[in-house]
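The structure under discussion is supplied below as structure tokens; questions concerning it will follow.
A, B, C and D label the chains in the order they appear, each numbered from 1.
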Amino acid sequence: MSQELASLRDALREFAAERDWDQFHSPKNLAAALSVEAAELLEQFQWLSEQQSRALDSAQLEAVRQELADVLLYLVRLADKLDVDLIAAAKAKLGLNALKYPVDKARGSSRKYTEY
Amino acid sequence: MSQELASLRDALREFAAERDWDQFHSPKNLAAALSVEAAELLEQFQWLSEQQSRALDSAQLEAVRQELADVLLYLVRLADKLDVDLIAAAKAKLGLNALKYPVDKARGSSRKYTEY
Amino acid sequence: MSQELASLRDALREFAAERDWDQFHSPKNLAAALSVEAAELLEQFQWLSEQQSRALDSAQLEAVRQELADVLLYLVRLADKLDVDLIAAAKAKLGLNALKYPVDKARGSSRKYTEY
Amino acid sequence: MSQELASLRDALREFAAERDWDQFHSPKNLAAALSVEAAELLEQFQWLSEQQSRALDSAQLEAVRQELADVLLYLVRLADKLDVDLIAAAKAKLGLNALKYPVDKARGSSRKYTEY
């Protein structure tokens, strides 16, 4: 695991321990909380056009930045509770995705792209 | 940014470029995709009790591991498109959360906890 | 379509027309908004135990009631934009589900239940 | 409650009873399931442009129709468990929304629109 993610993991452990919040942090609950944070992130974009989403103003970007952070925090916390190495898992999944979407078949195709 | 996250970011850039998928990767679309992946993660837990979610069998854990990976991959990709440093954003947000939930008031309270 | 759902549909048409919001109400955007509202509903429950979720106090229930309402409103609006009859679609889907989960195989099994 | 929604509610009660699934249908779990279904609906649109989402082909529309149905089914089931009248709740919420977004201030403005 990367040093930075391990550092976040440790900070989150301390944060929960100080507040006696481990009792609420079952993997099931953390997965729900992660999903809620991902929706709060999406909310920032829901009425924007794709083009507008590429050109956020500084207030929008700061709001998005905080939601991205919340998603990462819950992701690190959940992975910790399940003893999953996020970086190793992501590398392995990227390898699976490369097999699932061969370059020659997937190239530029939103049709193929949507069919997973 | 951590070396490992930068490495994932670069691998995702190459993955998209090879498939000509940057055209689909607006921040708006990536936020939707991230939210969908977070829901697929939640789906793994939705009918389990909290206790069962703490004791996944190996098949369940592998499925969860792949969904955690997908969430991280889209998170890194979206942060890249918006030029956000995820680790710095998470550290800053953790500081804000510490102010929002002072230890003495938040301790062991699911009531306070649910009120954000 | 039921008289009540048709009445909601008409009220939502008028609501959007008065505010010139049809320009934002593409099916894609409405599906994102619906998903965000469903997450706001889930947020009400995320730190509760299952048992607590069965015994909401009046303030919790009112908050949940408003989120249920928001989900229905976006659902009716999206179905209207796609010209889908929600009641007919739900009846048809219930028939498909009955085939997918035969009583004798699905009975009391969270294992089978989670495998869809 | 509308006759059609009451009929769906009763069919869902019977469906769950026959399979002994009430044990899984806590409001908390149903809210998670509803959120997962809403994400499956969003998944149908995630890589489409807004314009494409307004012109689905028949296969896409059938997939969307089934996801809309699943959302309605879980919504009716959850409302039943909480003894909430969906139609009454939606009418009340629409009234609140009219106060929140006055026609003269909200007209045509995606800025105001995104600020809730």
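As a convention for this text, contacts are C-beta pairs under 8 Å (C-beta built on N, C-alpha and C of every residue); 3 or more make two chains touch, one makes a residue touch a chain.
The shown structure was predicted, so the numbers you read here are calculated from the model rather than taken from an experiment.
Asks: Of the pairs B-C and B-D, which shows more C-beta pairs in contact?
Replies: B-D
Asks: Quick check: how many Å separate the C-alpha centres of chain A and chain B?
Replies: About 2 Å separates the centre of chain A from that of chain B.
Asks: Would you mind pulling out the distance in Å between where the CA atoms of chain B average out and where those of chain D do?
Replies: Roughly 25 Å separates the two chain centres.
Asks: Got the chain D residues that touch at least 2 other chains?
Replies: Where chain D meets two or more other chains at a single residue, that happens at 24, 29, 32, 35, 38-39, 42, 44-50, 110, 113.
Asks: Quick one: do these chains touch in a line, a ring, a star, all-to-all (complete), or other?
Replies: It is complete, because no pair of chains fails to touch.
Asks: List the residues on chain A that touch chain B in their complex, please.
Replies: Residues 1-5, 8, 11-12, 15, 18-21, 23-24, 26-29, 31-32, 34-35, 37-39, 41-42, 44-45, 48-54, 56, 61, 64-66, 68-73, 75-76, 78-79, 81-82, 84, 86-87, 89-94, 96-98, 101, 103, 106-108, 110, 113 of chain A touch chain B in their complex.
Asks: Enumerate the contact residues on chain C facing chain B in the complex.
Replies: 32, 35, 39, 44, 46-50, 110, 113-114
Asks: Taking the complex as given, what residues does chain D use to touch chain B?
Replies: Listed in rising order, the residues are 24, 29, 32-33, 35-36, 38-40, 42-43, 45-47.
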